[in-house]
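First subunit A sits with subunit B, and in the next complex the same chain sits with subunit C.
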Partner chain A sequence: MIRRDVVIVGAGPAGLSAALTLAERGLRPTLIDENPAVGGQIFRQSVTTSGTGAIGPSSDDAQRGRQLRRRMGDVQDKIELLTDTMVWGIFGDKQVAVKCSDGWQMIHAAHLVLATGAYEYVCPFPGWTLSGVMTPGGAQSMVKSMGVLPGKRVLVAGSGPFLLVVAGQLQAAGVEVVGVVEAVRRRDMLSQVGGLLACPAMLRQGWQYIRALKQNGVPLLWGHVVTKARGDGLVREVEIAPCDQQWRPVSVCRRTVEVDTLCVGYGFVPRSELASLSGCRMQYADELGGWIPEVDTSLQTSIDGVWVAGDGAGVAGAVVAEAEGTLVGLRILAELDQFKTSDLIRTEQRVRARLATLRRFRSALDQIYHVRAGLDDLATKETIVCRCEELTLEEVEAAAHFGGTNQRSLKVMTRLGMGPCQGRMCWPAMARRIACQTGKCQDAVGPISVRPPAVPLTIGDLLNESNSLDLQAAEALRVEV
Partner chain B sequence: MKYPPTTPQPVPESGDTTSGPSIDTENRRLPATTKGRQLIRFTYNGHEVEAFQGDSVAVALAAADQRVLHWTASRGEPRALFCNMGVCFDCLVEIDGCPGSRACCTRVTEGMSVRSQRGNGVWERDA
Partner chain C sequence: MTDAADVVIVGGGVIGSAVAFELAQRQVRVVLIDKGLPGRATSASAGGLWPLGEAVGLGCGVIYQKSRSNEEGAEESHPGVLPEDFQHFLIRSNALFPELALRLREFSGVDIEYKPGAGLIFLIYEEAEQHWVKELRASVPMADGVELLTPAEVHRLEPHLTSDLLGAALLSGEYQVNPMALAEALKRSAIQGGADFRPDTIVRQLERRGDRITGVVLDDGIISCDTVVNAAGAWAGQLAASVDIELPVIPVRGQVVLTVGLPSTLRSCLSTSACYLAQKAHGEVLIGSTTEKVGFDVSVTSQAITSMCRGAVRAVPMLRRVGVKRVWAGLRPGTPDELPILGDVPQVTGYCNAAGGFRTGIVASPLTGRIVAQSIVGETSDVPLDPYLCKRFSNRADSVGN
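Moving on, here comes the complex of A and B:
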């Protein structure tokens, strides 16, 4: 086994800024990401920014991305960068199991930073398993990182400001965006604008997205949800309905739109499985997207030396992720006793102040967009709720009726969450539904229990111990502290 | 739209894997984005598909208007790209004889052989 002082999982804004903070001050962190390039979900290298600028991130985002890349260029040789490398398990005391192209390897980390980001919250509705129904983020990355259009006529639906971003980018790429369907009602959004004033620049950015859609003739429907997708294997039409404050669809004024692709997602779920595999104490935070590790004010978890930053520590967006990464980097420097200059102390104070302001903005956003119970009304008895095991709502409810009201018993009774996604797709919505119907808290219903391997491995992978990280070289790299 | 229940695994004709509205393949790839990227050829269910260096299998197939990647085990329903980030496992295909490969997380390489996967798929040596 090889040893490292600091291992960072995830090279999005959170992981990158943690790595940069450490590297710029003389440490040599190991930065791991399963993607071929750094940048995470937002700054991932894109093929389209060069050709058609409009499809890339907004100018503020692009500027922050460029800045991170420039800093990366300056200290590149001080970061041990392992791309195309997946972390498939965490064992014992911060032993990180990684899979790279030529096999696997175990890295023992003195400090482990989990910056694994988030994935999209989806909820079952009739027709959501049809081909052509996908997540907004999935469609975005098709266009942004590979320059391929997900469809010709696309409806973007769900909730959250991210929908506006995706709709704008799809449109700029030449897709006919037939509309954006937002579950939040306009008046419920407007009643929270006061809180959003904490960050006027970000509020302005939101308005710009809305204005751009309007100028391009893309209708934005507040207070509507997609109730059905229909088609023969491939989605052909989508039914939308107005909804109430709780996002419960009402039966009047339903209408049907013809599409060839439907993008639907209701915000994000923290990807906190590695924290839970590390043994961190977890908590349910509805407004932050789901189960997250408990942390102290320095973002250290209940396990000494395991830190979290970014969306994986609670969904809060790229700007917060970057600030949190910096904070974790600074705190690790302090732990390693490299934190002596007053300059660093001032930097930490600045980062903390920035995070406090951003939190006020985020909590207003969370107030507006957090998932509401009315979505539970979308699935019918026949709707598949577990995409992997193809279980219907009726089957799961029957099990719930006979006492299957927590994650473990439902798994045993129905196989819910036992497919390859390990419950990542179905469980957030099902847990919410069960908690709501039984009046139990989420702790009683239980989190997803992802087991290693967190990503699929073949026996062949396990038999091959990688030598791309070689032990001697590894020892030489250790930073003396 | 059911998968033909025949064994050994039938090869859907190119373009026949979906009976929904066909998307005009010509315009699915933004021309500006292929500059400087090497052309790659691979096969899907035996048919040749053109892609560009850096494409994921799923996106290269989408550009060729082949959306359906996987047929579910018990209902035989077609599935396509859903999350496009490796978490949902809807995009499972057989790549060079290895089933259970996520098309969205695998880059195409020259001469790669990709087949749509039915249920848990078949390992090449078992087939």
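Moving on, here comes the complex of A and C:
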């Protein structure tokens, strides 16, 4: 087993900022990412390619991406960068089991930073398993990473500013976006503008997205939800309806839209499996997207030396992630006794002030967009709620009736979450539904029980304990970043 | 809040559910309480119904004996043959499964996945292992039913097994169930029969008045009853200790690995000195299991996972290419003599053990449920309860201690 001072999992805005903060002050952090290049979902292309291209992120995002890229270029030999590397388990005291090209290896970290981002929240509704129904993020990565168009006529639906980003990118790629359907009512959004004004630049960016859609003739429908998708194997039409404040559809006003693709997602769920495997005390935070590790004001978890930053610590977007990553980097410097200059103390004060401002903005966003109860009732008895095991809502509710009131017992009773996704896809929505059915709060229903391996792994991988990490690291550093 | 029942069963694993089922069948007002925390042995069991295998020490006991002999520094390990009365107990309990599967299906709609296959195959890699098996067949009457196979015969039975074998012992008629489905079916059938099931409920302690146990204390009240059944698995010792009853049950951790679902690959269950394997009804292969005395720690270790996987690949080489779905651990309720602890305890009334299932809890559950229920309602017991009473330990302590 090898030892490292700081191991950072996830090279998106949070992990990258933490790594840069440490490397710029003389430490040599290990930065792990499952993708071939750093940048995370948001900066993947802008960091690794020279231009932002026609369908890159917004100008502000591109600006931040360029800045991270420049900083990365300055200190790349000071970061042990392990791309195409996945963490499959965390054992004992910060022993990080990584899967690499020739097997797996254990790294004992003195400090472990989890910057693992978020998944999209999917909510079952009749027809959601049809071909051509996907998440906005899924459509985005088709366009961005694979250069494939998800369809010809696309409806983008759900909630949150991310819909606007994806709709813009799809349109720029040549897809006909027939509309953006946002569950939040316009007046419920406007009532929070006071909080949003805490960060005028970000508010302006939001308006720019909306204006761009308008200019391109894409209708934006506030206060509507998708209630049904229909088609013969492939989605052909989508039923939408106006909804109330709780996102409950008003049935009498349903109408249908013809599409060949539906992108639907209601925000994000923190990807907190590794925190859970590390043994961190977890808590349920509805506004932040789900189960997250408990942290102190420096983002250290209940386990000494395990830190979290970014969406995995509570969904808040790339700007917050970057600031949180920097803060964690600074705090680790302090712990390792490298925190001596007044310059660093000032930097920490600045980052904390920035986070405080962002907190007002983000809590307004949370107020606007956090998932409402109306979605929980979209699925009918026959709707598949666990795609891996093809379970219907009726089957899961029957099990809940017999005392299956947490994921563990439901899994035993129905195999909910026993498939390849291990509950990541189905459980967030089912937990809401079960909480509703049994009159419990989400805390009581509990999170998914996370077990290794956190990523796909074969028995053969397990039998190849590798010692090539240093070699591989040297190799990775030669790759242009 | 105060509640009342005839019997309160603490522990909703396979044993508690079996007792609840049998009591509900006898029109007893029963409350079944389950805390729903991770680590129960039922959820980390292979579900092997290997009465003969366990009785003569060729089931999952092989690994246990090996780890024990390693602890004690013995040069080679031997199968741990269980006492003859318990051999018969297991055989008899196992014989209840075919009918039980049908009844549970009828009552609860749950399929316990009772799957007759080729049997249990103990793989013989080494001379010493071959020697044991021959010795067993000569010295243990029950081991008559163990058939010796040549490598070619093994291959005909299970084409995916390694050919690098000296041979194998076949215990035909040793099958498997889905242990979690079994517990679930028993529980649901108990509920159908009128049992009151309390999920996610923690019993803080028992309530004792003088020499009588009068109920259980929950966070939000007390349930009074005539009899408390301690089916708290690995936690049974702690529960008993809450009212000064000494019950020598300790947690013995078992880590298991579950593969992704495969097409039908193994017809039989396999047992080796490194691990056992069973392909379950949904195609996943369960690879078990460690036997570790590490208290109530239910975490998994990379060493244990890799060593079991190494054993699995040695037995079935194609598994090397197969994905791992999940790895987890459960706590077996271990006892000093590997036998269950059932029935009442001296000088205390209103209390009944259904504890210490260790590594035979699944196969023993039908008969355990039945005789514990029989003892509570005062029926004649199907098999004598005497060898399993807790008092056997105090007797022994007296004779050994002095």
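Criterion: the second predicted complex is superposed on the first by the 459 of 481 C-alpha atoms of A that agree within 3 Å, B and C clash if a C-alpha of one lies under 4 Å from a C-alpha of the other, contacts with A are read in each partner's own complex, and residues count from 1 in each chain.
We take it that a residue touches a chain if its C-beta (ideal position, glycine included) is under 8 Å from a C-beta of that chain, and two chains touch if they have at least 3 such contacts.
Everything numeric in this text was worked out from a predicted model, so none of it was measured.
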> After the match on subunit A, would you call subunit B and subunit C a fit or a clash?
Replying inline: fit
>> Tell me the contact category for A:Ser131 with respect to subunit B and subunit C: first, second, both or neither.
In response: first
> Touch check for A:Pro456: first (subunit B), second (subunit C), both, or neither?
Replying inline: both
> Is A:Ala97 touching the first partner subunit B, the second partner subunit C, both, or neither of them?
Replying inline: second
>> Is A:Gly403 touching anything from subunit B or subunit C once the two structures are fitted on A? First, second, both or neither.
In response: second
>> Taking the superposition on A as described, I'd like to know which of subunit B and subunit C A:Ala334 touches: first, second, both or neither.
In response: neither
> Counting only touches as set out at the top, which of subunit B and subunit C does A:Ala173 meet: first, second, both, neither?
Replying inline: first
> First (subunit B), second (subunit C), both or neither: which does A:Pro420 touch?
Replying inline: both
> At the Cα centre of subunit A, what angle separates the centres of subunit B and subunit C, to the nearest 10 degrees?
Replying inline: 80
> Taking the superposition as given, does A:Lys152 touch the first partner, subunit B, the second, subunit C, both, or neither?
Replying inline: first
>> As a test of reading the superposition: which chain, subunit B or subunit C, is in touch with more residues of subunit A?
In response: B
>> Touch test for A:Ala62: subunit B only (first), subunit C only (second), both, or neither?
In response: neither
> Tell me, in angstrom, the smallest C-alpha to C-alpha distance between subunit B and subunit C in the overlaid model?
Replying inline: 5
>> Quick check on my understanding: which residues of subunit A belong to both its subunit B contact set and its subunit C contact set?
In response: 420, 456, 458
> Which bits of subunit A are touching subunit B when the two form their complex?
Replying inline: 34, 36, 41, 47-48, 50-52, 119-120, 129, 131-135, 137-139, 141-143, 146-152, 173-174, 231-236, 260, 271, 387-388, 390, 419-421, 424-425, 455-456, 458
> In their complex, what parts of subunit A are in touch with subunit C?
Replying inline: 89, 91-92, 95, 97, 106, 279, 402-406, 408-409, 412-413, 415, 418, 420, 422, 444, 449, 451-453, 456-460, 462-463, 465
>> Taking the touch rule as given, give the residues of subunit B at its contact with subunit A in the complex, in rising order.
In response: 1, 18-21, 23-24, 27-30, 32-35, 37, 54-56, 59-60, 62-63, 67-68, 72-75, 77-90, 92, 98, 100, 102, 104-105, 107
>> Taking the touch rule as given, give the residues of subunit C at its contact with subunit A in the complex, in rising order.
In response: 34, 36, 38, 43, 180-181, 183-184, 187-188, 191, 197, 199-200, 257, 259-260, 282, 299-302, 305-306, 309-310, 312-313, 319-328
